[in-house]
Structures are given as structure tokens and as C-alpha cells.
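To keep things clear, I will list the structure first and then write my remarks on it.
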């Protein structure tokens, strides 16, 4: 009988290399899938490594464009932010990679998908819910949740020993005392010395951004244009970009230089525990700031409130792995509807960690300079405000009446 | 017959000085009320001016302590922020001043309260709804909404001319081409040249904060302690403050030096129009950042979500002038309940416009280092996550089943 | 100079007849507009009366079809219900009538629209916000808010006297001691003896429905079909209707006979006061009940929650007169999106005030009999529930840990 | 070594009797715990049966009073209703029973709790989350989720056979083709022939309520009093009850006779599947209706909206088993705060399935008959409404302006 095929989400690192070997020992035919989602990695070397270990095939897929256009852009459009601070860089990557995994499984008639995500984290949930949504019949092998695997590999030492025994090459560099995840949108850091929430993140942690203290003394001015809530153009001195990937790449570069978009937070994982994460999202943070500005400039007050409520829900869905859920796709559609009137541009300056909005302009904005001006009456009759206030006061006066006559407080 | 008494919210400026004279001409007995809420003003000179014009009495009341403890502190505790950006500095001051106005009216048996807020703004609503809540029988005279007054005073020139005619002293300095409102928490700027939302705010606008570019090269480290969500202590090198007013004053100073807390936004007024505002809230922004950190560190995940939803409602209530409304006081109580477990301290650094969280600690936090650690199993059984994910996937698979079998998209 | 034209929303009753005369006396050219929205009225007689009084023209427009298809149907689709009980019969009619008023104003080049709604009610707001939305330049004459008018007509006696003086025919029948509003969807009753909320509504109040005690002993069985959340067919013994107006008319008839859809509530008006209303909505209540059943049968659990939240907002918008607002049209679109999968039919029985659901069927439902069955395992692995529960319990156990170790309660 | 002790939630039925025996065979010392929560059961006979099978002890605890006062009453106070229809009768019982189970485990130094809830249902979650909350160290044995057990007992036949083999007495009566759960608040029915959602529930299903068609021709009039949102008194002809349990028992009786409170719904289980349930909740439905009436009569409009949003969240928490969660207890406290002003009484009539509100009265209501009256001006100035409407219209007119000038729709 022919072997069962597994698609392994492979990174080239120690963990997934050991998982690859372990799956081979379990008699699976393993195809390694590597998504190029913008992380800094030698893909060819990873491919060679996997083939050396025994993968029957290695698929490297460049999903950067899809990642930016189909995941990062809608997140910018919605203004998605998890628990008031996290821009969802990793959460957005998982469904994008899952599309590749499932496509690879379909093309290779594989019944299984495997990954190296741990049993306490969010990523296992995001990968698996995405895969199950895209292909309900797929089966997942998550070694870090299997007793058989976790009892064998109780710590990094066991992985190292196993690698040595099976001639899996291990990079000689000392492992950083934290773990990280990188893609075109951000780098995230957690575990290890970061687990103590009182510990300051070490200075040498950050990969995408300079420390604001080391950033240039000279600010950079930007102009970012939006159409229906999506970024369409970035302009700086002598520079114009209009393709999504170019826009994000450029903003990462300029944001990184100016030390933009670092956060250090304790967040709530889907799984119910609190976890400390450090993130840097230079381009994403600039886009988020610009979008928030143009959005509130353009959108009707009440539509903004409805949209904002939907965006808070969607941020939770995305964080929890429900990108492809019914509620996820429904709410994305609703948000896109609201954003139809978010058009125009924002002028910004980036400088030593700051993104400063300097002005904005739009032809579909509800802002009306004549109406709001202190120097013009336009259509506004101030005496109307008297009636407005008196009517608003009715209920408040009633409340006092009842409070006074009864003993409510 | 004795004259009717009016309590006028007096600022010493041109507008309220003209209103004072105008009320006197309308045969009212006018008592000027000046709240010292932390604005930079020569109160004695204002008093003299009012008496010279003809006020029968001038009451100057220092409400700074009440402002910080009863308005700013609850706003910090709730994490109140209007439309994702505005920390409500003016909105919080209005109900505080209204308490003083109403008390003054009661003590002087006045039937009327008058103010100089314009007919297009939020402050008229905030003053009046607060006054009506505190004293349902009070009557408001809002000259800027009276045809009789507005037709007489169509612009600044008319006020200047009237002042000259009635020997009202006018400060010789050129008026800034914008209007501002200041208190212990913030300064806000609007109108004039700011009305064009594409115009960059002028460099010399800001009073509380340095431009980040001119801020010191050396950061300042702070430690802020919270009890039940309220700030109780700030610590910096050689410095400890524990009284609310001292804490805010110190954070304003240090935040101001480091260029913290400037924003430039277009916001939605209660009255239904969009308006552009520039704000600087140095201490408030530091407190907001620190509170958000300790809050998410301490609060249960789901309690946070409920509390956050309440805080968004409360921010709207406060912005719209409903501080003393039934819903305002109800939601404040609910938020205080949630914050009972928000205790601990946050370490921060301020530097050139940035407030960077460096770590936090709490004895009532739901954070559990052992539980989240990648190196420990503690009570966590990774295989449980498999069941968790599979159950979460049930609904998603059903959705695919229905989508496939029907033609829903 | 030619006279200014006013379109008067005319009912043929005493109030609007006096307003007509009064407007004529004010030297306006008055065109009366009567919308046939299903109320029981002799339109020809009303026309004759208006012309006799002096209207220059009377426009009678049958808007019943528009009312059902463009207002009632979307309300059924959204499951709109105000403050948990009121099906919005009057609120839905106002924007529909306003469309007619504005069209009439445009066709006749009238600058004014006038109506007889009172100054304390919701209808003035609904009419005017609708008209202003549809035609921002229109001007409204609301005599019941004009000092000049209200001082002249302080009570019904003044209207009667004025009518007598100006030969306005008055129906001889005694006026009911309450006021009412009727259309194809419902009849509402308020004021007069109903103002005391402890008073039981009189037996002879109701026009559309029998008292359940007088309803037939034999129930009627119905089958109601929905497509994308909209009713498409009603089937009863020997009867099938598929046109919206026929469906509603039939359900009103059968519901009325069986005493369906009466409520007696105290509700919150937009204007801030509480008001007591008695309503009968026979067909609407049957449709609401059937829709709720098929909706929860079909919709995904989380999509339902989002949609439900939107529907609660929309009910408030509609009640408050914001049908044509940005938020109103936005939320209607979002709801229609969600309802795309609400298809199928519901079997019901109506009997003496009860609408009893007997079963339902759909081809786009997320319900899966195999999955839920106690007798089948299908794809469900019960052991997954263990992991699911254990993970859910994590946070709860942490909460106990913190509660025990600190002194939080 | 002494045996490990298990507390088994015992019902006396076939399932838990077999589980009892099975646990004994697994060498546990089993203590049976039976909560008397108002179900119709011969407790002494169940006790004898358990002891005959081999339980080392049987604890029967009457928790009816606690159930009504600590679970049903807060649910009435909050107006809790799951997915717009289900009054949570079973969901409320589970945490109450869990308190008894945990207490029994503590008193008997047992490390385990076992129950007979199935692996697809909600009750397993509710029991276990409650037990884990009350006693984080407890361990649960859920046989219906254990491969070892479910492979042995694949259907009812296997249980019957096992019972026969081990002399477990089986009631001779034919089992109903559905399952049910009963307590003082309601009876629920599901599974078996009810699994087909198009099937009408059989006439002989219902135990607590008469078919409305068989209910008396004569209605019964009731008066229900509330204090802080909690029922305090029920009055009918010649009858007054004031104790919670008496009130509920009486309303069950009278509601049952009049055929009140039957529903047939498809609901969303926590576990992600849709399930069909039939419920009868006679007294609970009367209380819910009365409470809704007095609540909207008393509560401020905006406080009601906040409270209602909290109640929708709480209904989900309770349904999902999170009664003792941080969010559960937090939201209950917030709701109780809001309900402080819900005081007064409601007059109702029950008749053939209908609960009709006839009037209400309160001394803490925001209702103001003078203010709302059409015949009085009181403090209301109708001209204020003009300003109110004009200000509300500002934003709507702006929207039209932008829509017209751009191409937004």
C-alpha cells in the first residue's frame, strides 16, 4: 500500500525539521510547504535541507501579494486592532498560508496537513480552523499536541539530540532567548525572557525598526491616498508607489528607519490565557493611523459607530482564527460597504517613533467647512440649538424629578 | 422690583465681558463666576475687570482638585476616549464647572445662568445639560443663540466696538487666528485657520507641550501605580507623588517637556457636524497609556470586553454632555465595579513624543507565567486544544457543507 | 406676486381641516396630499371636503404597495422590533408618506410641506427628518409647534368653534377618548384615557382584531415561505398568496379573526418622554414570528448575533425617524446581506391570540439532523468536547486562583 | 489502598444507573447525589435503587429554594432570554445543581464528579464549567465522552442489556420517543422524533401546561409586584403569595392551566450545532412578560439600552455554562444596579395561551402623565421640538449634499 501523504508547513528551523523526520519515521510521505510571506529566510537552503532530511517534495510559494492584498489591506480598511493595540500581523498571515497548504494538499491528493505550532498558542487554532474551513475533510497532525511526540521532545535539548542523531543540520548560532514570527507586515516576539511581564524587552530584539533614539533627526513627510478605505498610493519626496506590496514595503522601510510601530503588551489568547507579546509593525501602524484619520473625516458619525462595532468583532474573529468563518466573511462585506465613502488623502510626518497627522483632504467627506465655521452662519440657525438642548434635557429633568421624589440614587 | 439675578460663567475675555455688559443693559443683576480649573489666567485681574464693568459680585472658585478627582480620574479609570482618539479634556471640565455655577446660583438665589459658548459647539450642550440635571428649574441665557444678540454682534469687530463704547478694557495683543480652551488636563484648539482640515497646525500653536523635535535627548522613566483602576502614585528619579493633582501636574510637566500627547483630528460634534480639533494632553495621554496596559494585564478577557463596550458608550455620553445623566452615572458605576481588580504598576519611558511601556506588575492579574510558559506544562494538557479546535471547527465545516450544497456565497 | 405653495399632509379630520383653513388664511396656496396607506377612509369625501374648504388641489395617492414592499417587508426581514415589543407600524408608514409629500412638492414646485403632527410626538420628527433627507431645501410648517397657532387652538373646543365659524363640516359622531393611527400594517392608540398607564384599554378600542375570547374555536393552519428573509408565499387551506400586499392583507384578516398581535406598552419616545401605546398588528406579528423561526433555523449562530445587534440599532433608527439616514440605509444593506441564507418555510397555527410554530424546513439551513442526533455519531467525536470544556475552564480556574490569592470578589 | 471517591449526579434513570454500576466496576467508591430541583420524581425510590446497585451513600438535597432565589429570580430580573425565545430553564438549573455536587464532593473528600450528560449537548459544559469554577481541582468523569464507555454502550439496547445483566431494575413503561429535562421552572424536550424540525411536537408531549385549546374559558387576573426588578408578590382572586418559591409555584399552576409558555424552537448550542427544542415555562413566561412591562415603564430610556445589551450577553453566558465566570458575576451585578429603580406592579390576565398586560403602576417610574398628555403643556414647549428636529436634520442634509456632489450611494 502506498504511503499516506502529509503536507507539512515547513520553516527550515529545528522544530519543523524534527517534525519532518518524525513524520517520515511514522511512515508518511511528507511534502514540505514553505510560504514566502515576506519573512527573512533562505528559501533554497530550507528546500535543500528538507529534501536532505527526506521530504519527497518541497513546494515554495510566494504568497506575499495575496497576503498584502487579501489580508493586510482588508485589515487596514476595517481599522482592525485587537484589544485596542495589536494590529494582527501574525493572525492575518495564518489564513493566507492555510490557503497555500490546502491548495498543496489538494494538488498532491494529501489527506493530512501538519504544522509545528505549539499547544498553548493561537496559531494552531488559526491554521486548523482555516484549513478545516477551506477543506472540511482535511485531517490535521499537530505533533506538539500528541502525547507520543511531546513525551519524546520535552525541551529544546531533546530536539537537538534527535537532530544530531538523524543528521539534521542545526544552525550554529545561539538561539535567541525568545521566539519570533516574521512576515511582510510585522515581527512578533514572545516566550523565553519575555514571559516575565515586568522584564523590559532587550534592545537587540527588534529586527524591522530602529530604536527611536537612533532614528534620523530629520522627519519624513508622507501622503497616503485611500479609495473605499483601501490604500492606493503613497507619496514621499521623489517617490510614488501605487501597488499594495510596494506601498507596504516602502512604509515598512521608512517606518522602520524612524522607529515606528513598536508595542509591548499583555494580550488575551483565544485559548483563555494571558500572554506577553512584543510587536513591531512599522508600515502597518502608519497605514492604521492614516486610515483612522481619513475614515473619521469621511464617514457619517453614526455609520462610523456601527462600522467600529463591526470592526471590533472582526478583530476578535481574526485573532481567534475565524477569518474564513461565516461571521468573518459577513462582517468583512459589511465593513467594505461602509468604507465606500472613505476616499481622499492624509498628510503625515514620521519622526523618531511618532506618526503625526498634518492634514487631510477628501471629496466624499461629510466635513463642511462652511457649516462648522465660526465666522459663517451658512444654513445653521443657532436658535435651533436651544430647542435641541431643551429636548435633550427633558429626560434628564425627569430623572431628577424621580430621584428626588423616590429614594433612588 | 428687585432685578433678576444671573450667574455668568465669566472668563475675563472679550466675549464674556461684552455679554456681562449686555446682561447689565438688559437690567439683570450679574454675578460673575470664574472656575479655576487649571487654565493659565490672572484671576484677580479678571475679577477687577468684571467689577469695573458692573458685576455685582465675582466668585472665583478653585475646582482643580474636584476636576482631577471626580472627572479626570474616572475618565482614566474607564479608559475613556472619544472616537478612538480624543481624551475628552474639555468635555470633562464642563460638568465640573457646571457644579460650581449651580452652587453659585443656589447660594445667590439666582434663577438664571448665562455662558458665552457658541451656538454651533458642544460646550453649550455640556453646560446646559449639566446645569439642567443639577437644577431642573434653572433657566439658561445663551446670548450666542439669541437673535437679538447675534444680530448686534456679527463678528469680532462688533464686540471690539461695543467694548470700546462701554470702556471695557481689551487686551492689546493680537488675537490668535484660532480659539482655544485650557484646563489642568489639556489645551484644545479649533476654528480660524484650523477650519481648513488640510492645513497643518502652526508650530507656535501649542502651549503645554514642546515639539518632539525640541524635546530632550534623554528619556525619562516613570512608574505609575493603580488601585482599582485609579492612579495612586507616580515615581520618577528622586520623585514620588501620590495626590491626584500632584500626579497629573507632574505628568503634564514631564509629558510636556517630552512632547507627549498632541493630536490633530476631525471629530463628530453632538450637534451633527464634523469639526477639526487640535489637542495636547500630555499627562492624560501618559495615564491613558499606562492604564490600558495595567487594565489588560489584570482584567479577565471577557470582563474587559464588556467594560470596553461600556467605556465606548460613556465616552459618547461625556462628549455629548450627559455626565450627570442616568446612563452616565449608571455606566460609571459599572466601570468602577469592573476595575476593582485593576491594581499594580506600569513602568514607562517618555521620549520625544513617545510613551513606551517597559513592563508591568500586579498581584491581582489574571496573567499566569507558569501557565503560558513554553517551558512548563503546569496544568495545561495540550491535547485539550485538539478537542477545543475540533469543536470550534464544527460550525465552520457545517457552513461549508451548506455553502456547497446550496448556492449561498 | 403669486402665493407660496404648501403641500399639506391631509387626513380629512378636524385637525388638518382647520390647519388647511388656517394656511389659506395665512395666504398660502394649499395642495392637500392624502396617502392611501391602507387606513379605513372615504378618500373621495375627504377630497371633496378639502376642495370645499379651499384647497387648490387634492392629490390622493395609493402608496400601499410601496408601503408593504419597501418598508414593511424590510422590517420583517430584519425582524425589527422596538424596545422588545413594538413592530413599528406607524414608524414605517411615515417615511413612505414623506416620499409622496416630497414628490408632490417637487411636481407642484412647492417650497413648503405642512402636517398636523403634534409637538410632543414622534411623528413630527419622522415626517420632517424624512422630508429633509429627501429634499434638503424643503421647508416645514408644523402649526402645532407655532405659538401663533397653539395659542389660538388650545383644545378641541377651539378647533370645533373655528370649524363652525368657517363652515368646515364636522362629523357628528362622538370622538373616541383616545387618538389613533391606522395603516395596512397596524392600528395604534394613545392619549386620552390611555394616558393613565394603569387603566385597562377599553374593549371596544380595537379595530383590526377580535378579542381572543371572541375568536373562533377552530385554529387556522398556515405555511409561510421566505426567500432571503422576505415573505414570498402564504398558504392556508385552499388559499395561496404570493404578492406582498396580498400576503399581508390575508394575514391581517386571518390574524384579526383569531385575535393576534395586540400589545399594550409604555415606550420611550425619541423626544425623551415615556408614552403609553396600544397596538394591534395581526399580520405583522404572524410574519415576525415566522421570520424569527426561519431565521434562527437558517442563519449561522454568530452571523445571527451580528445581525441581531444591527437590527436593534435599525429599530431605533426607524422609530426615531432616521429611515433615510446614512446609518439607516447602511444597516438595511448589511441586514439584507445576512438574510441571503434565510430561505424556507414555517408551519404555523393561529388560535385565540396565539401564533404557534409547528415546524419548519429549509434547504439553506445550518441545521444538521445527522450531526445533532443522539443516535448517530456522524462526524462528531465526543471526546473533543472534553478538550473544548477543559480549555474553556482554563480562564475560569485562573479567575478562582486570583480571587483566592487576592481579595477580589 | 482505599478506593477513590466519585460523586455521581444521579437521576434514578437507566443511564445514570448504568453509569453507577460501571463506576463501581471501575473500582470507585460512588456516592450518588440527587438534587431536588422541582422535578417530578420519587426520590426515596431512586435512593433505594442506587443503594441496591451499590452506591456507598445517597445524598438527596432539596435545592428548590436556592434555585428559585439565586438563579431564576436574577434571570427574571435581567429579563434573560436566549436567542430571543428561550427562558433558560435548564441552563439555570445546572449551576445550582453543581453547587450541590461540589459541596457533596468537599464534604466527602471526593476527587471526582461524574454525570450522565451526553457529549453533544450543552449540559456537560454547564456542569463542568460550574464545577471547575467552584472547585478548580475537581476532576470530572463524563462516561458519555469516554471511548471505553461509548463503545460498550452504543445504544439504548446495550444499556438495557447491561441493566438486565447486573440486576438494575428498569421501569417497564415504554420510553417516550424524545428526551426531557424538568425542574421547578420548566420542562424541556428534545431528540428522538423532535430531531426532524419539520415534525410537529406530539400533543401528549407536554407535562406542565394544558393545550390552550383545552384551557378554561374564563381568564384569570393577576397582579405581580416587583422590587428592584425582582418579583415580590403575586395576587389573584383570594390569593396572595410573597415567597419566591410560592410565587413561582403558583404561577406555574395558573399558567399551566391556561396553556401559557410553550415554545418550539431551533437554537444554537454552545458546541456549534443547531438543535431543536420544545419548552414549556408557564410561570417563567408570565414573570418575564410582567417584568418586561414594569422595566420599560420604570427604567430610563438609555439605561434600558445599556442594561438590555448586558442582558443579551448574560443570556449567552448562562446558556453556555458561564454562570460562575468573571463576566457572569460582573454582568449580574451591573444588571442588579440598573434594576434598582424597577419597582411597582403589573396587572395581567392569562387566558388560553395569552398573557395580556392590562396596566401597570410604579412610584419610581420615569413615566410622567402630565408631561406626555396631549391636553397639557406642563413644562414642555413645543417650539423646542423644531430646534431639536432641525439639529437632527443637519447631518442628514449633509449626507444628501455629499451623496449628490460625489457618486456615493
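Lettered A, B, C and D in written order, each chain numbered from 1.
Heads up, the rule we're going with is that a contact is a pair of C-beta atoms (placed from the backbone, for glycine too) under 8 Å apart; a residue touches a chain by one contact, two chains touch by 3 or more.
All of these numbers come straight from a predicted model, not from anything done at the bench.
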Practice task
Any chance you could check whether A-D or A-B wins on number of contacting C-beta pairs?
Solution key: A-B
Completion exercise
By Cα centroid distance, the chain farthest from chain C is A
Handout entry: Distance from chain D to chain A - Cα centre to Cα centre, in angstrom
Key = 40
Practice task
Determine the centre-to-centre distance between chain B and chain D, using the mean Cα coordinates as centres, and give it in whole Å.
Solution key: 43
Handout entry: Chain centre separation in whole Å, for chain B relative to chain A (CA means)
Key = 31
Fill in the blank from the handout: Residue numbers in chain A touching two or more further chains are 271-273, 300-302, 322, 325-326, 365-366, 368, 371, 380, 383, 385-386, 388-389, 391-392, 394-395, 397-399, 401
Handout entry: Residues of chain C touching chain A in the complex
Key = 271-273, 300, 302-303, 305-306, 309-310, 313, 322, 325-327, 330-331, 333-334, 337-338, 391-392, 394-395, 398
Handout entry: For the chain C and chain B complex, residues of the former touching the latter
Key = 300-302, 340-341, 363-366, 368, 371, 379-381, 383-392, 394-395, 397-399, 401-402, 405-406, 408-409
Practice task
Flag every residue of chain D that touches chain C in the complex, lowest number first.
Solution key: 83-85, 118-120, 124-125, 128-129, 132-133, 136, 142, 144-147, 150, 155, 179, 191-192, 195-201, 212-213, 217, 219, 262-269, 271-276, 292-293, 296-297, 301, 304, 308, 312, 321-322, 324-326, 347, 351-354, 356-361, 365-369, 371-375, 380, 382-383, 385-386, 388-389, 392-393, 395-397, 399-401
